[in-house]
Every structure is written in structure tokens, then in C-alpha cells.
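Presented sequentially are two complexes of subunit A, the first with subunit B as partner and the second with subunit C.
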Partner chain A sequence: MSERPRLAVIGAGPAGLVAALAAAARGVSVTLVDAAPEAGGQFYRQPAAGLGARRPSALHHQWRTWERLRDGLAAHVRAGRITHLTEHHVWCVEREAASFAVHALLGPEQEESVAVRADAVLLATGGYEKVLPFPGWTLPGVVTAGGAQAMLKSGLVLPGRTAVVAGTGPLLMPVAVGLAAAGAKVAALVESADPRAFARHARVLAAHPDKLAEGARYAAELARYGVRVHVRHTVVAAHGSDRLEAVTVAALDTDGRVREGSEWRVPCDSLAVGHGMLPHTDLAETLGCRLDGVNVAVDDEQRTDVPGVWAAGEATGIGGAALSLAEGRIAGLSIAARLDSRVPERSSYAVAAKARGGLREFFAVVDKVCTPPDRWVERVGDDTLVCRCEEVPAAAIREAVDELGAGDVRTVKLLTRAGMGWCQGRMCAPAVAGLAGCPPTASRRPFARPVPLGVLAREPDGPASRPDLL
Partner chain B sequence: MPRTPLRLVRARPEPSFTVTFDDRELAVLPGQTIAAALWSAGVVSWRTTRGSGEPRGVFCGIGVCFDCLLTVNGRPNQRACLVRAEPGDVIRTQEGTGHHE
Partner chain C sequence: MSNSLTCDVVVVGAGMVGAATALYAARAGLSAVLVDRGPVAGGTTGSGEGNLLVSDKEPGPELELALLSGRLWADLAAEPGVGGSVEYEAKGGLVVASTPEGLAALEGLAAAQRSAGVRAASVGPDQLHDLEPYLAHGLAGGVLYPQDAQVMPTLAAARLVRLARTAGASLHTGRTVTDVLRTASGAVRGVRTPHGDIHAPAVVNAAGTWGGELAALAGVSLPVLPRRGFVLVTEPLPRRVRHKVYAADYVADVASDSAALQTSPVVEGTAAGPVLIGASRERVGFDRSFSLPVTRELAAGATRLFPFLAEVRAMRAYLGFRPYMPDHLPAVGPDARVPGLFHACGHEGAGIGLATGTGHVIAQVLAGKTPDLDLAPFRPDRFPRADAGADPDSAPAPVEGP
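Presenting the complex of A and B:
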């Protein structure tokens, strides 16, 4: 048989790109399907071409890796081994008899849908930021930390003149450095975790001198820009009428309580805030892939439990670009071998597997240390909106739990509409779970993004005619 | 010289074009999303919510949260952080669902 096996890679971030290159180099015909106008994902998000950036590397780390990925992609596209579909927003992946149909809406209008057929699928769908609510968090000027970074990387714009960066997790330092380098006055970096907690994991840290050096570099850059760092502190409220004017910062006790009298006000017109990341798992769930907690479960070769479906990068667990690269490489090698009815030799991906193991161990520690502060739920005032789309305040969620007996996120949603809006609960699900006192669960969404009814009506054999998918 | 994002990456943008935002003219650099163009002009909110009419703008910045909706050339509910501005675009603040205008 002369026809090459077909792979659809969903997502052109680090994991998807490196997997596409590895598979294409081994004879697989790859279609790379991505929502953005250019490859790179969120980590390697690039300024639009018309902006004429002559030194885009100033906004990035690991630029050489990006150059290799970018040039590799261009070479494979020229040779016809990879088809790169940009501005294709995948809303569903469907299992057919012996293949898959990847359904994508064409952006930015997203009114027309096309289907890409493939023998195997790699889900490299990445993640998005988790933000827990606090009084004032819906004010214009309050943005996610990753969002501020994304707008800067692609549009070369800042959210304001004076920023506060707050929350918890490894994203905060690069965001603060980026904003400062681009000319914002970063009035404070407010991290709720206590870095001393890392000391309890000295063995893991000692195995990652590169990560420690990276942290030290960011700390030095923050010092150079005069950014004050406050650890074991939190933003307890954002203030303003029509837009952000100030935030209140407070110190935290070891048990997560605000230290009485420690509050002070920081004038600012922007707040970049984040409490960690969550994986995009909608496509995996519709395919029936098993999840492990909130992550797509994969084996040593990055295979999900659905034959023909692989997953790599943040979708399988948050761990940053280096881990995504390792997982993507393993997935690409596995796919090329399996589509050729071979078992991949473990030696072919031993280096990547070693990196993967170490990085997963490291990010498990980060996850333990950089958890949102205990008792954050207590600081969410009754009138604070939790569901931004449907404008559901904390009081309604508390009432659903305390008086109506809701014991899980789904029941809260049915009683209050929290999670029923445009974003389908992506923004509020962790907060609703926290307020309801139940563990965060993956919410089963039949489609990964809003789909016009006309598109569903036009799909003769598509998901609309498959009630089992809904 | 003060630091700016454009200076940081030594940008030499192509000539700007104009769009209208609520009847006011804005200069846009080619390739910028509508959200980026509005931020450049110092505008941070361009929607009011359906319930209590609160102002909203960019929140997630990557197309997930749907907070930055506005009306572009008569089409409501467009995500400003995803849609690239085009010369002559008529952009309007969106009130509520955007279907009552």
C-alpha cells in the first residue's frame, strides 16, 4: 500500500508541533489543526506579522527551541508532509468505522464547519488559566495573568500603566517580568504560596538545577525592574467603579487567614491574576477517553485508552513547555510506529521519557506548594459574582448547597445557572466546587466550543444525529 | 526613552489603518486583534452584562471566557481577543445579548 497513514494533530503548541515533526519525519501524513492564525500555541505565541517585530525573542524564553520547531514545520509544509490548518477551531472529534473525523469551525466567523479525516488523532489541546473569585474580580482591568501575557505577546499591548500581578504559581514571575520589560510599572507581585514549602521537597528540587536557575533569573529581573515581591500574601479585593483603581493586599497566616491589620491598598489600573492552570479535555471526553482526575489519562507511549487517540502536553497534566515537548516527541514516535503496525522501541524515546519523568515529578511538587490559599472560600463575599457569564453571586451557590441540598457542581449548576453560560463553566467550575465543598470534576461537554445550530443541522452523519454523543 | 512593548521587540509596524469604535475613530496596527486595538487606545471595557449591566472587557485573553464580546460590522457576540481588526471595521459596545439594537 503506497498511501501514507494519516494523523490529525489538534493544537500547534509545543506538544503538537514536536509530535507533528516527529511523525512527519517518519512517513506519516500529518494535518496540524489549530485555532490560532500562527503556530506556537500560548507559550510560543507570536506578534502578528504586520507588527514587524524584529526582536520577538525579547518576549520569550527558549527561543532557539521555537526556531527549530518553526523551521521544521516550514520545511515539512513545503515538502507536503504536513498540512497546517490555521484558524480552525475544533469542536468535536468523532470516531468512525476505521478512522476519525475532526470537525472544525472556520474562524473568526465560526459559522462554517469542515471535517478532517485521519487514522489517528493526537490531542495537544493545551490548557487555560484557573482564577478563583474575590470581591471586584469582574472589574475591567482585572485580567488573567496568562491573558495579559498573551495580549502582550501577540498584540504588543499592555492592560494599563500600573499593574499588580497576583495569585499563585510559576506563571506569575514571567508575567511580571514581561509586563515590566514592556514598560508597565509593576507595583507588586503577590504570591500566596510560601516558597519555604519547597524545602520539604529538597530531593526533587536538587534534581532540577535548571528550574532553580530559571527561578533565580526571574527573581533577578524582578529586582532589576524594582518589582516588590510579597510571598504569603493575597489580593483580598479589587476596587473601582467602572474600572479597576486599586487592590487591597494582605498578609496570610500559616493557616490561610488574613493577618489582622496587615491590609494595605495598592493603586493600579490593571491586575493580572491566576491560580494555576487547567487542561482542555473536552475533545478527549467526547471521544470517551478515560480521565485521571482532571487530566487525560495516558500510558507510557502517551496513548489514551481509546485506540487511535494519543494525548500530549498540558491536556495530560499541567507541566509547562519542556514537559509538553517531551510528551509530544514520545507521542509522535509512538504514532509513527503504531500506524506502521510496529511497536515503538523504548530506546527511541528513552531520553524524552527520562525528561518526562523528572518534569512530572517537579511539577507535582509545584502543584503541592502553589495551591490557592486555604480559606479563600471564606473571603468570597455573598455578593461577589462566581459565574461571570450568568452573573450568579456566591450567595446563590451557598443557598443551593446549604438550603437546597446540592452536593455537587452539576446540581449547583441546575439550581443556579452557574456554569451554563458562554464559557460553559470553564471559568467558574473550580470556584463552584470550592464553594460547594466538593472535589473539582471534569464537566462533560458534548462540544468543545459553541457551535451554530445551522452547522449541526447541516451535518448529515455528524454528532447531531448521534444522540449517544450528546 | 520609556519602555514600550513595540520598542522591546524593535517593531517596525506596517502603516496603521482606522476603524470606528462607537463612532470614534481608532488607529490600529495591522495584525492586532480588536481587543489589542482597544487596549492601545486606553479602552478596557466594551460590553455590559445582560443582568445588571456591569462593564466588561478582556479577561482570559485567549478566547475561553467570552467576557470580551462586542459587535463587529453588525454581528454581535464577537470575541474581541480573537477577531483581528480590519480596515474600516465598525465596532460597537455590546449591551446585553447584543440583539436589541
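Presenting the complex of A and C:
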């Protein structure tokens, strides 16, 4: 076997890819473990080869960055410096005496598991979409904004012919443009945030002319496709008997209340809705990494507080692909140095660190401006489903808090089963927290995905030495 | 809101035992205030399986408390709307032995339990599959305990608190007891919280794993230690595991004093569909870190008992801390060292099952009646303490909570 130090990178999105390349270029033996059939993550999601997409680049910006990463990965794989394990679904990372075991289920069936052993682990697990409930949100035809984008990028199919894009956050504009460019009629883009709120952060914005230009470009494209943009508005309900037929849009006042009489109906057969993103932190939490709010806490070198574990990208705080690239690069350089018992020279990552600082500042502003107004809770009817897996309505959550003495998300979950189903609360946890009136906390999920008991029961392959039982 | 409350009894801890105590106290006509630093069922109650068992108890005071509790649980479950809302299931327990030696030991225990009033039916190896069609083959036999039952513990605690409130009790969550107030002569006169004092001539310590800390606030020692356990939860399934099924060595593990890890498979279906898999025991303080090796052993044990589980997915795992006492008996009843102080804690892994009996006898003593059970074996001051004199600062249990 190789004498080189071994790094396992979990996630082949922007952060994981760039970290793998940086570490491999400096002599680290890298195993890149990813659930998708191809590298790229959510951001550089690839159309399936069989679809014969002629111009996938039309759906992506920063296509040249992607090409560089893709070609770099191919070169390192050819040279044997990176092993790229596709369709490996990591369910747990285990800390052993002097190394780590990354346990991953294989292929679409996920019935067999392998263990990848490594001296260091980079968690580049990305993020997932946050969606808050409203009456009618479970109707067929209502999809997440990211889901609509994923359909476009990977399957090149349109979720519907007349679409409304709604919610809040920087994802909505590219989704609306993508849908329109693919031939859908986008009847409205409904954003609850007030863009004037950005004006209060002029200094931060001025430092990011590229971001402003990006926004202006999307706005121009939306205008070109004739998409009406309604800011300080929200979708208060989705309507339809078997599937989505229309949504009701309403204006919000400065307190986030619906302006009386402002409602109107927009016929549509698809609604792409999103309220921002949340980081995937299950693996980090099971390893015992400290969290900062809902994000994995990292130091200047992207190290977590667990020795040998780094984190980069959305897992450490939502901030998009450019921030993920900066963090991934810093992590890769730090890992290569630390595995060689060296301290990385700060000058080696000064450029990336500067970009990281600026982008974190920018996304802190985005986060502040694009927080859904708390009053969404008042618009959730008692019969609106909150947890779709377990079919728990808002009334049950309210009863748990008002009548049964629950004061936190965990107790609400135990009393109502909200969050106990297949998705383990990934979808409903923010909604449950909002309805219960308590702060969202990261819920502990020791298994990042469901694992067959027969797999769990088997000793992992690899060294015969059994990890010490505590 | 007023800064000071006055009532007949303050129950500290809104877990299962505190809920039952508040309920029976309120029904005995006492004004009861239930107070907890967290939510209802935020401690051990919310981390357990909800076992109401007689099968795992040797003849003696704990079994007597279990039999009394089982009757009270059945009474509660028969009240309108209660049984369903707490997912009460009188499904029975099936203890299986894999070897003839193990079966002989199990039969010996069952014979002794029968003479103490437990119903226990021997099950031959060829009859096991009539009771549990998916059980592994090649087992030596088992014993069926029809009195074993189950509730969903968080729902049970919350619903009993709700019933207690209907009977006049009040609930204060998110309120930490920072001191036990005492008169000049040393008797209890209430508790202090950051939101104000609650005055009462009686305080019940139902703080579970943190019972030692509360006792220390009242100036007495109570050796409650945490004993960690993991539970695995599967995806929801149609009912394939009908009883609570466990291997005979579970009883030995429950009774063990070892601090080292022990696991013995305990498998049961639930009303909601998922199968729950326990049980591990280890004394590691309040260490909340996840242990893959422990869950691996649980999965191995469960799939040995029920081979079909190998294909079933574990959705999650959780851990909790059983309030463990050195002699495996809870502390139940008045504390002779401090007038007005009562203890109702230290039930280890049996607190859900023993909660009703515990709350019932505490309420009887509070109301000046003779309790249905001799409380002498549960005396809170039965443990010799290393250091003489009551030092309120010497908490016997590790102090770091979750």
C-alpha cells in the first residue's frame, strides 16, 4: 500500500473537488466519496449522459471553473492520486484509534456497505433546501426551487408549463431564469424580502461588484423573458383538487403581515418554492464536531474541533459555490501540510482567505435580508401538513406546545412524530421550530441515511484490530 | 405573574415519575406544582422504550412495586381516551433462551416469580413460532409473561401531566430549581427558582438521573449515577414482532453492577410501526457521544433473534441515561433526614413501568395514609455515605447535564 497520508473527502461538489485537487497535488492520497454518479455536486449537477444534452453549459454559470475542476479530477484519477468513488452514500464516519472509517452504502440499492479508511476526513457535505409550509404546499406540482433547478440540470425536463417561483433567497432568480430559458412561462417571481433592506448594507455590497452584476444580469434576463417580479410578496396558498391549478399571491407590510385586500390569484401548474438553504451536518455531529448555530464550526484553516476532521463549503455556512471553492482550497492546503506535520503557510492561502472573508460577509447580509418574516406561522392553517413523511398537521404541533408541555423541537417530535419519518425531519424541522416558537437546533442523526441492520451488524472490513469499545 | 406560589407539594421533574406523582397527588386532593428545568419528558423518559415489565424482575420489593404499577397502568389505560393516547399495549413479553442451560435458569426464575404473583407460561421450542412467527430457529425455548406491557413514554408523561392539570395541578417548564428552601429546624418549605420561590411543606424529588443533585440541594446525599443506553429505531413495518422479545441474559445484565458495556438483545414492535432495539448498559457518566460499536452490537443481537431484521433499515439511534442506584432499587418515600423531603427517583431502566406505583404510594404518604406497599426497602437514607455530615455542595452524581 501507499505510504502517503490518506485523506477521505466526503462530497464531490465545489468544496470537496477543489480540496481533493489541492491535497492530491501536494502528495496526499485522496479518496473522493460521493453519492452522485458523477462529480459536481448540486451546483455543477450534470445531465445524465444518455440524455445527449448538447449545451449543458447553458444551464450553468461559471462553466469554465467547472471544466477546470473536471479536467483536474480526471488527470489525478488517471495518475492514481485520487480514487473517485461514485454512488457511495456515506451513512457514518467513525473515529478509530488513529484513523477514520468512512462507511458508505453502495449504488442505488444501498444494501452493501464499504469502509474507506483515512488519516484525515474533509466533510464537504453541502446543504439542502429549506421550505416552510403554507396551505396547499403538498399538492402535486409544488416543488422546491432547488428541485426545479435539479430537474432542469440533470433531467432537462420542465416541472410544468406555467410556473410561479416563490419564497426568498438568491436561488429564486436563477431558477426563474432557468425555467424561462427552458421554455416555461414564468407567471411570477414572488420574493418576500425587501430589496431596500440591502441598502442598509451598502458598504458590504460595494465590496462585491461581481455579485451586484450577477444580480443585475438575472434581473435583465427576467425582464427579457417578461417575468414579473413581486418583492415583499408571498404565496399565501396553493390551490387545486388533484394537482396545482393556481396560487394566491399577496403583498406583505413591513411587519410581514399580509396586506388586506392585496391578494390575487395566479393560474399555474407548477410552483417552485424555497426559503433558503441549511447545511448538512449529520456526519459532523456524529463525529462530535462542535456546531456554531446550525453550521459546523471551523477555524481559519477549516479545521473542526475534532483532530483530523476538516469541513468546507455549505456545511460550514451557506454561501454558494464561490465561497465553497475558497474554503475547499484552504482545507486542501491545510490538510496537505498538517498530514505532513507542517503548519501551512498563511501566504499559501491568503488569496482564498481574503475571498472567503468577503463572501462570508456578503452572505451574512443575504441571510439577514432574506429571512422569511416570522409571521408565516400565522398563515399555516391547523390542517396544513407540516411533516409530510408522518402526515402531522400544524394542529398537532400546536397542541404539543400549548397543551402537552413541549418546549423544544425534540419533545414536539416525540409527542407528534413530526420528523420521525423517512427524511428524519430534514424537511420539516425549521417549520416545527417556527410553529413551536423555539430556535431551530440541529437534530442529532447518528445515521446520515437509513442503514440496513444486517450492514450495521457486520464488522467493517479492513484492519482486524477492532476499535476499542469506549 | 406572581413571584411566589404556595401549594401542598412541589414535584421536581416532569418526567414519567414526576407526572404520575403529580397526577396521584392532585387526585388525592392536594394542590401540586410540577416544575422542570426543561420540557415535559426531556430527560430519561424521552429516551426510553416505555417498558412496563414484570418479567425482568426477581422476587422482592421491586417486583412488588412493578405488580402494583402494572395494575395502576391498566386502570389508567382503561380511563376514557387514555389508553390510546399513550399507546398502551398489553402485549406481553417473551423471554427466549438459546441453550438448555439458559432455559433452565430462565425456568428457575419464572418459578420464583410465579410464587410472587407473576403470570409466566413456559413455551416449548416448537411453540415459539406460534407466538413470534419471525423468530430465529434453533432456540431452546422461552417463557411468556402476559403482564408485560408498553406505552410510548413521552406521550405517557405528557398525557399524565395533562390529566394532573385537569385534576388541579399546575405545570412550570423551563424553570430550574436552584435551591430547596428549609425552615430553621431543617424542614422543607419549598424550592427556589430563577422565576421565584414555590412554597410548600413537601417537595418530591422526581429528578431522575439528576436526583442526586436535587438531594444535595436539600442537604442530603443520594447516590444516583447515570447508566448509558442506546436504542435503535427501524423504519416503520407492518406488525412482525408481536411481543417484547428478549434474550434471557438481559435479566443478568439488568442486575449487574459492572461499569463495562453490556448488550443483550431486546426487540419490540410499536404501535406506530418502527421496531425498537435495545439494550446496552454502560457507566460512562453523562457522555452523549455516539458509539457505532455499541449500535453494531445491538444490531447483531437483534438480527440473531429476528433474522428478517437484517434487511430492515435503522432510521436513527438515540441514547439516554438510566438513573442507577448501587442496589438497583429506587429511592421512594419520605427522607428521614429532612422532614418534608420525598424521593421518587433512581428507577434505572424501569422508571416508566414503576412510575404509577411510585406516584401512588408517594401520594398516599402525602395524604397521611398508609401506603399500599412497605417502603422500607426503598428508604432513601439506606446508603452509607463516605463523608459524614450534610454538605450541600457535594453532589454525588456527575454534574454535567445534557
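In this section, the second predicted complex is superposed on the first by the 456 of 470 C-alpha atoms of A that agree within 3 Å, B and C clash if a C-alpha of one lies under 4 Å from a C-alpha of the other, contacts with A are read in each partner's own complex, and residues count from 1 in each chain.
In the analysis below, a residue touches a chain if its C-beta (ideal position, glycine included) is under 8 Å from a C-beta of that chain, and two chains touch if they have at least 3 such contacts.
Every value quoted in this text rests on a predicted model; they were computed, and no experiment measured them.
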{"item": "Partner chain(s) touched by A:Pro195 [first = subunit B, second = subunit C, both, neither]", "value": "neither"}
{"item": "Partner chain(s) touched by A:Gly381 [first = subunit B, second = subunit C, both, neither]", "value": "neither"}
{"item": "Which of subunit B and subunit C A:Met151 touches, first, second, both or neither", "value": "first"}
{"item": "Which superposed partner A:Val143 touches (first subunit B, second subunit C, both, neither)", "value": "first"}
{"item": "Subunit B versus subunit C as contact partner of A:Pro440, first or second or both or neither", "value": "neither"}
{"item": "Subunit B versus subunit C as contact partner of A:Gly405, first or second or both or neither", "value": "second"}
{"item": "First (subunit B), second (subunit C), both or neither touched by A:Ala35", "value": "first"}
{"item": "Which partner, subunit B or subunit C, touches more subunit A residues", "value": "B"}
{"item": "Which superposed partner A:Cys423 touches (first subunit B, second subunit C, both, neither)", "value": "first"}
{"item": "Residues of subunit A that lie at the interface with subunit B and also at the interface with subunit C", "value": "422"}
{"item": "Of subunit B, residues touching subunit A in the complex", "value": "2-14, 29-33, 35-37, 39-40, 44-45, 49-52, 54-67, 69, 75, 78-79, 81-84"}
{"item": "Subunit A contact footprint on subunit C (complex, rising order)", "value": "14, 38-42, 46, 154-155, 158-159, 161-162, 171, 173-174, 232, 234-235, 261, 272, 274, 277, 282, 284, 289-296, 299-300, 302-303, 309-318"}
{"item": "Complex contacts: residues of subunit A adjacent to subunit B", "value": "35, 37, 42, 47-56, 58-59, 107-109, 128-129, 138, 140-144, 146-152, 154-160, 181-183, 242-243, 269, 388-391, 421-423, 426-427"}
{"item": "Residues on subunit A engaged by subunit C in the complex (per definition of touch)", "value": "92, 94, 103, 111, 286, 288, 400, 403-408, 410-411, 414-415, 417, 420, 422, 424, 444-447, 450-454, 456-459, 466-467, 469-470"}
